[in-house]
Each structure stands twice: as C-alpha cells, then as structure tokens.
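Next, two complexes with chain A in common: one pairs it with chain B, the other with chain C.
Let's turn to the complex of A and B:
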C-alpha cells in the first residue's frame, strides 16, 4: 500500500501541471487587468508597474517564469494586497478556512451517520420519515439560500449571534457559517448512511452476528456500521471538494477572512498570482484528501487491495 | 423422558402480508410454519426435509428465535424459551448455535477468520482472557480442518468448503449442545458436501452434539440423520426414524420424494417407478383446506379436503399425518 500511495502522490504532479496551465491562461483571457482602475493612469506609470510585475513580457515568458517560481515554492506577490506575498495571504487565510471546513465536515459526519443509522434502525417509522424529509429539504436548498436565512433569523430577529464577521474567530462567529456549510452534507450523509445501513442490516452476516449471541448494539456498531460506512467514506472525497467550493460562497456571505474570500476578491480584482496560488493550493489539497479517502477505504474493507 | 433436549410444541410462524390500498388494507398471513411439533433427544440428529418454500429454514430460525414465532412453545430442557426477552434469549445462544446455508455471505468480510470464530466467545464469555480465546480458536480451527496459521486471513481468501468449516468452527467454539444446520451443504460441490457432513458427524461423536439438519437433499439427510421429519407447506407430514422412513414411508408425499432420489445403479434406476407429483407447491398464503397436500396427492378424496389429518402413530417411533395411509398400504 505504501508504494501505491507514493505512486498516487507522484501522479499529482502532471495533474497539477495541467491545472496550472489551464488556470494561468484562462484568467489572462478574462478582460481587464490587475491595475485597471476607473481613472486611467499616465502611460509611463502603467508601463512602469507592468514592467515591475513582468506583465509587459509575452504571455509564454510570464508562464515559464511563473512555473519556475512555483517549483521553488515562490507564488509571487499579490497584485492587490501590496506588501503581501500570495503565500502569506494563503497562510493567513487557511487556518480560518480549515477551522470552518473541518468543523463543518466533522459535524456533517457525526450527525449524518447518527441520523442515518437511527432512521435505518427504525425504518418506515415516523422518525424515519421525519429525518428523511428534513434531509431532502437540506439537500434541495443551496447554501447561499440557507446562509442569509440563518443570518436573518439568528442574527437579526433573535439577535443571538453576529450576522457576519470574524471578530475573534470564536464560537459565536463560527456557528452560522459552519451550520450553513454542514447542513447539506448532514442531509446527504444521513441519506447515504440510511440506505446502505438498511441494505447491510438485511445481509446474512448480520443474521450470523445475532445468532452468535451478540447484543444488538454491538451487531449494529461492530458489524453493520462498518459495512454501511463504505459509501460514506467514498463520498468524503467529493464532499471535501464541495465544502471547499461552498466555503468560497459562505466566507463571502459571512465576511470570514478565509482563503475563499481571497479567491473571490482575487478573481474580481484580476489579482492573477493570488487566484493562481489559491487554485494550486486547493487542487493539491483535494487530490491529497482523495488519496487519503482511498487509503481509508482499504482499511475499512480488507477485500480492497491497492497494488 | 429426561434426555429430551428440545421440545417444540405447535410452533407457528405467520408473516403478515399487507394487501389492498394505502390505508386500511386487509392483512393476510403467510403461514410459513403452521403447527409443528416434535422433540429431539440429546445426541441425536433430526433431519428436516421438504421442498423449497416449505418452511424448513423458518422453522430452524424460529426455534433459535432469530425469527419471532407467532404461537407455540419451544422447550429447552423443559424451560419455555418463548416468553424470554431478546437479552435473556442471548444467554441461551451458548447452548444453541446455527450454521447457515450461504457460507461466505454469512461471514463478515471485514473481520479476520480468527475474530469471526472468536466473537461468540467474546460476546458470551466476556471474562475469558485473550490468550485463552486465541488458544481455543486455534484448536477449534484445527479440529474443523483449517490450518491455525490462517487465523489472520480474511474470509474471501478461503475456498468454498473452507467457508463452511469457518461457519462450523464459529458455531462450535462455545461448545453448544444443539446446532441447527440450515442447509449447510446445499451451496457446496458434492465432494465437499461429504467432507462437511462427515465433519459434523465426527464432531457429534466427539462432543455428543445434537443436530437439527435441514436439507432438501434426501441422500444427505439419510446419511446423517437418526430420525427424519418431512415438512410440507409448514406442516409435518411424516416423522419417523430413518430406516423405517426409507423402508416403509407411509405418506404419499414422502414416497414421492424418496422415489425421486436417483439410485447409482442404471438397472435399478431405469426400472424403478417414480411417483411424480403434479402441479406446484400451493401458496402458503392461501393453503388448501383440510390436508395441505391433497391438491397434489393421487389418493385424495373428500375427507382430505374437509378435515386436517392429525399426526398419528403407525409404528414405534413413526407418525404420519394422512387420512388414508391404511388404505394406500
């Protein structure tokens, strides 16, 4: 399995190269540039700035220079947040985004699996229907609808939590964004767990576990849940990607200073290096997490062997 | 009789079949097992035979309460098990185990064979030290013909016959008095069937095991059983010791079953008369009135449609449920 992981990690490199190339040229295609402002600058000053950032050179030269920088770990300076490098901005934003994303993921997993299991054990009961109805609603509502609604109800009507902002990054600041991010995933994971749990509970080895004389809770936790979690584990890969892209919207709505907000601002400002940096960072993150999920899968199911 | 281990009295398992509209639909009942009575002595093997869908497996599982019986009693050494809660019943699982028909699907694919075999011990005797459990697993593995070195392998790494050996070891590890064998060899190759059946017989001889051997294969049942119970549509047709059943079956259904068993001698096989049964097994949802077998019985008359035949003795340790067994001869 170690050599498998290594080969997968090496496989990340060409994928990244493709992503970098496509992203680099795509953002240049977008009209406008980082230093376009409403009042046109004198031509000499504009030329000076462009020369300072190599923007006067042919695109291919810029691309090669950029690649060379990335190879040495240099993602360049931000065009808009002057005096900051892209690496510094990502370093500042990532802990915040990680805190949000990881909390949302953890809550989605724990609540989703619990609700799904309970619904499966009480299949076709009122409780089951209630959980599944709420889950369906959670999946159907996009987070850019849920987020303002949450802010409206808990921030304005009830005045329980801040509407937006990140004063100290404490619990009060986190509740609403994390809830908005986690809700669809709680719903999705609950449905996944319920479905596979119902199927697993009918399988023969569960009957064997009961015949062995195991108490019911151990039949569920030790035999059924482990098997029923497999689809949930494979969902974790896409779910992480979804949480990351979702956080872009959520961070914007709740004014959270995470990477997502830099990403949106960077794209609007044509802050080429910042956008590129975030793209590379997230692409690597998603690929590595997908690898982790695949390895986790093998741990849960001994029949899966990676060679 | 003090050596009666298991006494089943008028056991019924009826499954509700919802019919009709969304609400208020009339519930019909599928009578999988309908009033079965028998008793098993310590150390004996009772074979239970019948066609697919006759309720054999349901009967076996209902005895172990893996399916809740609808009515009737199951007496274990004189103690009624039917009123016990799931938790109280769990303690009795030390004494009664089951081997399932589909050996691979019955094993949790995510556990090592050692853990699978050890689990009944850890569940039912949680105080046993780990080393002792491992020792017992190893010795049980070699007893059932598995190499103890395979203890850390996963089920899918084994072969067909070995799956069932794992199943046998798992059932035997708590040293039960009774094992319900629910078609344990039906999914196996003929050559492997013999190995498993012989293994069960060896274990029986060594540990004084009592077996309920459920099968549709009369040759296998004849080989392993002391007594045989013939089931049809959830009811007992005939119950007899092996030799008198195969020599002088009284019930028309038993006769038809036995006549259909191939004989490994072409001369006899060609000359023998097979009593074909016409038609299919009727639905257990609406079983025929009176004798359930009458729709396929060549000897049926009005009485058979009117009255359910009782199980009546026809000899020592031989009972039959047929109105006309005397006339048929």
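Let's turn to the complex of A and C:
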C-alpha cells in the first residue's frame, strides 16, 4: 500500500501542472487587466507598474517564473491587497477556513451516520420517515438558501446568535456557519448510511453474528457499521470538495475572514494572482484528501487491496 | 426510426416498449413523484407564461411602492424590491432563467457526454484508455473554481455559462455511457449490425445510443437540479446573469442583504428555488426506482 500511496502522490503532479497551466493562460488571455479599472494612468506609470509585476515580459517567461515561484510556495504579490503576498493571505485565511470546514465535516459524519443507522434499524417507522424527510430537505435546499434563513431566524427574529461576523472565532460566531455548511452533508450521509445499512443488515455475516448470540448493539456497532460505512467513506472525497466549494459562499454570507472570502473578493476585483493562488491551493488540498480517502477505504474494507 | 427524440421508437419494438411502459406505470404509482411532476409543471408553466400575463413588467420601477411587503390591493403578490420592482414577476423571470440554463447546460452535457462515452466504450483499447484517463484528470480539477475564473475572465455572459456548466457536467455522463456501451457492444444485435456491414459511426448512433437511454434518463433528472443549483450559486456570488435580468440566485442574494428590513425578498425566491429542487429530487428518485427496480 505504501508504494500505491507514493504512486498516487506522484500522479498528483501532472494534474497540478495542468491546473496551473490552464488557470495561468486563461487569466492572461482575458480582456482587461487588474490595473485598468480606475482612471487611465499616464503611460510611463502604467509601464512602471507592469514592469513591477513582470507583466511586460513575454508570456512564456511569466509562466516559467510563476511556475518556479509556485514550487517554492510563492504565489506572487496580490494585485489588490498591495502590501501582502498571496501566500500571506492564504496563510491568514486558511486556519479560519479549516476550523469551519473541519467542524462541519465532523458534525456531518457523526450526526449523519447516527441518524442513518437509527433510521435503518427502525426501517419504515415514523422515526425513519421523519429522518428521511428532513434529509430530503437538507439535500434539496442549497447552503446559500439555508444560511441566510438561519441568520434570519436565529440572528434576527430570535436574537440568539450573531447574524454574521467573526470577532474572535468563538463558539457563538461558529454555530450558524458550521450548521449551514454541515446540514446538506448530514442529510446526504444519513441517506447513504441508511441505504447501505439496510442492505448490510440482510447479509449472511450479520445473520451469523446474531446466530452466535451477540447482543444486537454489538452486531450493529461491531459488524454492520463497518461494512455500512464504505459508501460513506467513498463519499468523503466529493464531500470534502463540496464543503470547500461551499465555504466560499458561507464565508461570504457570514463575513468570515477565510480563504473563500478572499477568493470571491479576488474574483470580483480581478485580483488574478490571488484567485490563482487559491485555486492551486485548494486543488492540491482536494487531491491529497482524495488520496487519503482512498487509502482509508482500503483500511476499512479488507476486500480492497492496492498494489 | 426517424424520430430521434422518442425513446420507445428507438428500442426494439416489443421488449423495448414494454420496458418504458413498465417504467411509466411504476412511476405513476409513486405518489411523491407524481405530486412532484404536477407541482413542477405548474411552476414551469408559471415561469414560462407568467411574465407575459402578469400585471407588471419585471424591470419596471414603482417609486411609490419601494420595498413594500406582499400587498394584494396594489397587485404586488410577493411585494417589491428595494428599487420598487414587482417581486412576483421577478421571481418568475428568475425561475425562467434557471430552467433555461438548466435545460441548455444539460443538453450540452448530454451531447458531449453521450458521444464521448459511446465512442470510448465502443472503440475500446488504447483510445478508450486515453479518453477515460482524460476524464479522470478532469474529475480531479476543482471545477467550480474554474467556472468562476471563466466568468470573471470573460465577463458574465449567459451563453458562456451554458457552455461552462455543460462542460462540467458531461464527465459523469461520459462515464455512465461508457460503462453501458461496454456491456452493449458484445450483444448479438450489435454483432449482427457489424456482420451486415454497418459502419461504426452508424452503429454507435443507431444501435448503441438508443439503448443507453435508460441510465441517461436517470442521470438527466439528477443533472438538471444540479445545474440549477450551480447557476444559482454563481449568481449568488454576483457572477451569474446581469441586471436587469435576474435569476433565483441573484434574487436570493439580494434578499439576503435586505432580510432584516424586507424578509419577503429572501423568503419568496428561496421558496420557489427550494420547491423546484425538491420536485426534481423526487422525480429523480422516482425515475431511478422505476427504471431500476432492484435498487428499491
């Protein structure tokens, strides 16, 4: 498995190269640059600015310089936040985004699996229908609808929680964004768990476990859950990507100073280096996490062997 | 066989017809799915004809009715927004744009995905390997971010959005179609076609693709809400359609900004979007169950 992991890790490199190349050239062929938004500058000053950011060099030279920079973790200066490099901005935003995303993921997993298992054990009961109806709601409602509604109800009507903001990243500030982020995934994971649990509970090895007199809770937690979790584990890859993408909107709505917010601001301001830096950073993150998920799959399922 | 849109005509006469009729019968017994079809049909009908017959134009400003709540006497069913436009008509316009984007992008993804998948699966060998490798690589890309870059770079252009969203969604379609093609291409009727000298492009178009329509139908019902979601997501971020045109995402975004003073601006568009997504999800589940009974 070690060599498999290594090979997958090496496989990430060409994909990243494609991402960097496509993003780089797409942005450079764009009509309009980051500096022609305000009034027109005298030509000398414009030339100076372009020289400072290497925009006067041939495209290929710029590309190689950028690629070299990325290798050393240097994504260049931000065009808009002029005193900061992109790496600094990402470094500042990532702990916040990580805190939000990881909490949302953890809650989604714990609640989703619990709800799904309970629903499966009481299949076709009122409880089962209740859980599945709520899950359907969670799946059908996008997070950018849930988020403002949560803020409206809990922030304004009930005045229980801050509507938005991130004073110190305390509990109160986190509740609404994390809830909005986690809800669709709680729903999805609950549905997945329920489906596979129902199937697993009918299988032979569960009958064997019951036949040898194991108490039901041991049958479920020790035997059934492990097999039933497999689809959930393979969903973790897309879920991570989804939570990362979703964080863009959630951070915007709740004014959380994470990477997602920088990304949107950068996109709206044509802050190209910042946008590219975030894309490359998140692409790497998603690919590495996908690799981790695949390896985790092998640990859980003895039938999967990577060579 | 000249009518390319009707699935039953394409399948072998007796067995194929019964498969689709079977599916339709099963679907009509699924109460949630039938209800969803009815509600969705209503929403779509309203979205299509509503803006024409509504008493107000979607871009007309009523300066004496700025940001008022639902008021039946003045004819503002959903109230007005912060510049005094009728929210009811705007919501219908938004739904119209969402449906339009969904249909267009889904068609793009269908066209690319089916052709790509069918060719990869049918030709097989090294070509298949190369083509699917490419799909794998594309899968690893964080596509949402690319669509965002695309919208930023080339401006907020609705045609570009169709293409971009279609280009994102075709990957899964190509995979599904390829898998189906692999099982189809060894069947007797394909062998018969090969033996009677039909050219490969014709076999793909006339024999492979018509038999793919089952799984494709299931995937379409999943893709449409997906596209609506992504379009709203982009519009919400301010990267979708532009004023005075609107979409549900734009309306929800505007509503979220004003929710303290004008909550109806958030609640109505959000409800319409949620209703549409709900219906598509129920229909999708229903179609899947109907076409693939073992999955129940």
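Here is the rule we go by: the second predicted complex is superposed on the first by the 304 of 307 C-alpha atoms of A that agree within 3 Å, B and C clash if a C-alpha of one lies under 4 Å from a C-alpha of the other, contacts with A are read in each partner's own complex, and residues count from 1 in each chain.
Just so it is clear, a residue touches a chain if its C-beta (ideal position, glycine included) is under 8 Å from a C-beta of that chain, and two chains touch if they have at least 3 such contacts.
Note that this is a predicted model, so its numbers are computed, not measured.
K.L.:
Report for A:205: first if it touches chain B alone, second if chain C alone, otherwise both or neither.
P.N.:
In the superposition, A:205 touches chain B alone.
K.L.:
If you stack the two complexes on chain A, which partner ends up touching A:48: first (chain B), second (chain C), both, or neither?
P.N.:
In the superposition, A:48 contacts neither chain B nor chain C.
K.L.:
May I ask you to name which of chain B and chain C touches more residues of chain A?
P.N.:
Touched residues of chain A are more numerous for C.
K.L.:
Is A:144 in contact with chain B, with chain C, with both, or with neither (first, second, both, neither)?
P.N.:
second
K.L.:
Looking at the overlay, what does A:245 touch: chain B (first), chain C (second), both, or neither?
P.N.:
second
K.L.:
Thinking of the overlay built on chain A, is A:125 touched by chain B (first), by chain C (second), by both, or by neither?
P.N.:
So A:125 meets neither chain B nor chain C here.
K.L.:
Chain A residues touched by both chain B and chain C?
P.N.:
Common to the two interfaces on chain A: nothing.
K.L.:
Which residues, counting only chain A, touch chain B once they are in their complex?
P.N.:
Going through chain A, the ones touching chain B are 203-205, 207-216, 218, 223, 226-227, 300-303.
K.L.:
Under the touch definition given earlier, write down the residues of chain B that touch chain A in their complex.
P.N.:
64, 66, 86-87, 90-91, 93-94, 97-98, 100, 102, 105-110, 112, 119-120, 123-124, 154, 156, 170, 174
K.L.:
What residues of chain C sit close enough to touch chain A in their complex?
P.N.:
Residues of chain C touching chain A: 137, 140-142, 144-146, 148-155, 225, 229, 232-233, 236-239, 249, 252-253, 255-256, 259-260, 263, 266-267, 270, 273-274, 277-278, 281-282.
K.L.:
In their shared complex, at which residues does chain A touch chain C?
P.N.:
14-15, 18-19, 22-23, 26-27, 29-31, 136-137, 139-142, 144-145, 147-149, 151-152, 156, 163, 241, 244-245, 248-249, 252-253, 263-264, 267-268, 270, 275, 278-279, 282-283, 286-287, 290
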